[in-house]
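Two complexes are shown next, each including subunit A; its partner changes from subunit B in the first to subunit C in the second.
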Partner chain A sequence: MAQTTVTSEALVDREPPSRWAQFRATLGAWGFMAPAGVLVLVFFFIPVIILFVVSMTDLSSSNFSEPWTFIGLENYARLFRDKFFPKILTNTFRYVILTLSFFNVGLALVLALLTTHIERRAGFFFRMMWLLPRITPSVVYILMWRRIAHQPPFGIINQLLSPFGVEPRYWLFERPWLFVILVNGFVGASFGMILFSSAIEAIPRDYITAAKVDGASTLQIIRDITIPMIRWPLLFVTTYQTLSLLTSFEYILLLTEGGPGLFTTEVWALTAYKRALKTYFGHNQWGYGAAWGFILVFIGIVLAFVYLRVFRFNELVQEPKIDVL
Partner chain B sequence: MLKKILALLALALVLMLIAAQCAGPAPTPEKVIETVVVEKEKEVVVTQEVEVVVTKEVEVIKEVEVPVGGELVHLVARCKAAPPHEEGRCNNLVAAVGAANAALAEKGDDRRIELEIIQDNADWGDYKTEFELASDAGEAPDIICSGHEHIGDWAPAGYIIDVTDMLGDYPEFDDVIDSLWNATEWNGRRWGVPQDAEARPLYFNKDKLRELGWSDEEIESLPDRIAKGEFTWEDMLDTAEEAVKAGVVAEGNGWWHRPKNGPDFLYYYYAAGGEIQGEGDALIFDKEAALKVYKMLYSATQERGILSPTRLDGDWTGWHTGWTNGDVLFLFGGSWNWAEWFSNYVADRGGEDYLWEHFGFAAIPAMKEGTGKPITLTHPLVYMISSQSEAPDLAMLLISKATTPQLNTDYAIASGHLGILKSQADYAPYTSNKFLSQVLPLLQFTTFLPNSPYWSAWSEAYYLGIQSVESGSLTPEDALDVVVDQLQNELGDNVIIR
Partner chain C sequence: MKVELENLTKRWGDVVGADSINLEIQDGEFVAFLGPSGCGKTTTLLMVAGIYKPTEGFIRFDERIVNQMAPKDRNVGMVFQSYALYPHMTVFQNIGYPLKLKKVPKEEMQKRVQRVADMMGIGHLLDRKPAQLSGGQQQRVALGRALVKEPQLLLFDEPLSNLDARLRLSMRSEIKRLQMELGITSIYVTHDQVEAMTMADRIAVMKDGRLQAYAPPEELYDQPRTLFVAGFVGNPPMNFMEVEVDRENGDYHARREGFDVVVPPDRGEKAAGRGKVILGIRPEDVTLADEGVSGEIYVVEPLGRDDLIDVRIGDAHVHILADPTLRLKIGDNVKLKFNTHKVQFFDPATEDSLLWT
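The block that comes next holds the complex of A and B.
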């Protein structure tokens, strides 16, 4: 049997490949990455740079047609002087953490486990039903919720609870956070549910069978086999949904407009939107709104790096060790 | 390898080109091509294809005769209008095309006007942003009908033209009520032509007042007593509290104001003695007046149960429904609401007759601790001409022909707005309309919004205080501190706090 032996001397003596050779060797990879790279450049890096530049101006409705006036970091100073800045920041983290933990990851995992542990077609049907809110137009979806939690004498909750002697209330305004999280969570959970379900179904049946033969209970199988084997989808969904929730605001805008009262459910992205594009009398402050938006981008980038480091995403993409010849 | 990549890139490029072709151009308005057959009256008239552009709610020009060698000028008008009662805003321009073209023919001008209108009921903020972005993209409509306060932003930004020197060329404008021109001014010049006016009255529920023990005479004399300052804002709150306590109306239904920010809240501040217009564009914030407003609203929501803490829920449908169902005692609304209610809410219960039977209206009562005078606010809409219009003289001609007693009265009757012309005081169709003739006297108490680029930020900050006290988040004093802080942060030297 012919065998090729490469000695350590030979490796040392070999000329290191030229830069051109190295570049040629990776040309294919660059080619394949180029379309995605161009997209990221055009739709992320360039907009972020524009956002930052606009945030250094006083661009608004009343001077939109004039050349830009640069005012340095004044918009950022103004933002940090805003009395409601800490409240809006707290609201944002509250919204992200609660929606993520209870719904986008928590409920998604429960749904995925439930639907993969029942009859396959029934599970498929249930997941399909759960996707309905995601494919419902946002305005229609929020109108439904507003009607559900509407003020007395209206409101489906009031109609359902009144036979039990519960006094009718304006549920949406009495429990705004509950509804903000429910509304976002029901839609958000479907993303994780689909990913987790497919990951669970991809676990080789041999592991489950072997565990059952060894007398493991369903709970033990989930804890010791299923969850460890879907840790990558879990980490991916956590990261992706954190960043997604940070920048989402449309349901809150339609449901409570950040109220009731004083910034009760106002999140950072909603403030940026309102400053830049939505006031009752339409005086848009694009420069100031851009400053709010840029801070959000900054928080998002920092969180993305933290997740990449903490969850060691590089392990996910490293070359498989067993295939080395 | 390199060849493969190049081949792949070339393939991708071809696919992108094909996709771009398949995607086609951006959606365009539906176009109807009509051939207009013109009877041969004069030799100079020729048959010409006229393109009638149909967009959203549309009225279109049916026939335009263009002289030989003449030019058909395409104008675009943009209006915000609640359907169907306010659609006269743009429809009156359509109706004026014939008169405008006839005037051109009479002058020997060979140009003719062809008009496209874009009309919907967008939010004010979105509507305004749309015009600004369109202006920046070089696609602004020739004529825009919008709130007069937008002049404060659009005039300094150069989006609209100064029409002061053009007005004298059109005798129709001499008929416009003088005080309404004030609303079109910025920097001592006029930037638009009034399109409509309105009053913002106090509506009262006659049935609920009767249940409370009021005699018919007391009910019928209420507008008069308010006008004389005998029945004040404080009396209204006392009556509302009495109604809540007596169970005549549910808690929170003694008095309703609008469910979101808007011009109305400024007259609370005016009624409490506040001033707003400072030197130039700068605005004034009178702490004492604002505090009176905040205390009054705090007490009405948090202590007396007159006004619901969730009143600012942004739900217009619930607001109209609650009122027209007779659940509420007093309501601060607009004169246009009258038309909205009989067209859309009580049409099946007798329409306008039903409203007359169950509801009445008056000026907003005087605030005893403020100016002591009844008040209302007028928010005229104005036609403005874009600085990008290539034919501003034709746009102005068209506006002048829409500013006639007949067209404006048709619009006023349909929409519940007030007339803008002096001649309407003697114009039978206008004077014979019961609602308009009874609302008109409210104008003696009227006030306006300021035309300042800082009005929007001022209003947002002031409204923040209203939200704070009504929801119970802050006491009136704390709310005032927050508002002052916000105003100084937002407007700096452009607001005078006193």
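The block that comes next holds the complex of A and C.
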């Protein structure tokens, strides 16, 4: 006991836990965080605050030069009273859930598994090809899809199917959801595909060999070894793609403009864009559009927290390799 | 189970992994594959496991050709250098995985996993994840996973290389004992010749994809058939020098500059009259003496129990083991006595032994 006291005193003598040292350590930690912190502040927090402020005004192109007024939560009330609000809400969830599950994660995983189980170079080539639409300008990409599903007598689908006696149709208008999801999913799948396939290729061969010797078939290896081992990229892609699908609307805008008809394929982000920036008879309702936008941000933040909790991301974060002294 | 490899070959384009390997493993035998890095040990093992398809040749289990048989039907257990324990499964799930794939009922699986784990001394660790185990414990789990399905053939790929020296020693004897008790035919890949010598019934020495020798340890040690085997087996390694062997007055003399020893006629006659041949002698067969070949000490390396001494004879070097209490120093002149009943002779061109064929 006595000895312990002596030792710790000796330590204290040599290395007093000065406030200055503690301060420096804290400063160092903040210093490393600062660049990322500044970016998040300038490009996320400040815009969100501005967005919220604008959403409580009646700012629009008609009263821009006149004094505009704070109208409190009136824009939000108007939003929830909107006749098409339920439609837009369900459209948004339908769009995100279907595209995410079938394409951005589902198809991405299937493609990654396929391209890592064939010859290496062939797999690599296939993935490169699948990436092409992502680097094609959106307008060109959507024009191609519109050509594919164009109205009779045009349309590539019509031309391909007519020898089989299929009546030519305006596919895009008859099946707008199919094409909205297909168009987004086709591009969206490439992100997960790349991440998943590099994660799959990084799995040490011994695990696969061991599983084969243990008696596993290819499907059992995928179920029991491969997928658990790429858990992190799977969760990451799910989270990331949920949030990016929630805010994406450009393909829908270019493909259907939310139609055909009234709000058939209109999603939340598209509504916000139209209200705020797209001139309906020269009338931009910035304040009202901001309210739509702000709710979207709010949903995004809530979802992000839900994902972090449900997927227990903090368990996936590795312990630091170096102990902080 | 008996295992037979016939002309077993594996190539990837121009790369040769294994080149016409022929060997036969008796039921219950423990065979070591020994050779330097890249010589094709793992390749051969993986062909036996069914992971690699042979380019040519046959693998037979009890006379049955199994070239086309899927790994899961071969009933082999395998232990890896990297352990290859599934990191997301507990110890229980790791050991139980082969049984789960065989759809063994829950209760029986529970019993068998527990039994194997107790046998390996890891029965109390079943709920842990592999990352929470020490290297030695992980290796036991890996061994347990290989044993739980009661395989007819055990394959080890350098299982002890990642363990510290002491643990390696104890695991070595443990594996050996286990194998003998269970009587499972085993192939043990290693590049550590001490491991091979102490554990195996027979050793297959490989080099550049080819089988160099296949013999029991003592035979490999005393009657090496090639220069490579002679140099690779034994620690410290065998000494080699070029000599000419001539018959003079009924004695066979092996000579080079500053070196002249009489060798027994049964060995000498096979090397005589061939011009330059390579003489090999193990360090423990050369001793310090009052008379004999004279040389000068070039380097002294203390090994603890012995000093390893590099003695220069003319322009040849001979390593010997000496008592450290002699306190030999660099530059000392010494006389060496060669135990000529143990000399080896090799053809310098073919590198084959002149004594054993």
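The rule we apply is simple: the second predicted complex is superposed on the first by the 287 of 325 C-alpha atoms of A that agree within 3 Å, B and C clash if a C-alpha of one lies under 4 Å from a C-alpha of the other, contacts with A are read in each partner's own complex, and residues count from 1 in each chain.
The working rule: contacts are C-beta pairs under 8 Å (C-beta built on N, C-alpha and C of every residue); 3 or more make two chains touch, one makes a residue touch a chain.
Model, not experiment: these values are computed from the prediction.
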| item | value |
| --- | --- |
| First, second, both or neither for A:Phe186, with subunit B first and subunit C second | neither |
| Subunit B versus subunit C as contact partner of A:Pro228, first or second or both or neither | second |
| Contacts of A:Pro260 with subunit B and subunit C, given as first, second, both or neither | first |
| Subunit B versus subunit C as contact partner of A:Lys83, first or second or both or neither | first |
| Which of subunit B and subunit C A:Ala216 touches, first, second, both or neither | second |
| Partner chain(s) touched by A:Gly31 [first = subunit B, second = subunit C, both, neither] | first |
| Touched partner set for A:Asp206, first subunit B, second subunit C, both or neither | second |
| More subunit A residues in contact [subunit B versus subunit C] | B |
| Subunit B and subunit C contact sites that coincide on subunit A, given as residue numbers | none |
| Interface residues, subunit A side, partner subunit B - complex | 24, 27-28, 31, 34-35, 60-66, 78, 81-83, 146, 150-151, 154, 170, 173, 257, 259-262, 264, 277-285 |
| Subunit A-touching residues of subunit B, taken from the complex the two chains share | 1-2, 4-5, 8-9, 12, 124-129, 132, 135-136, 147, 149-150, 152-153, 156-159, 260-262, 309-310, 312-315, 318, 453-457, 459-460, 463-464, 467-468, 470-474, 482, 485-486, 489-490 |
| Of all residues in subunit C, those that touch subunit A in their complex | 46, 49-51, 71-72, 76-78, 80, 82, 84, 86-88, 97-98, 101-102, 145, 149, 155 |
| Touching residues (chain side subunit A, partner subunit C) in the complex | 204, 206-207, 209-217, 220, 224-225, 228-229, 231 |
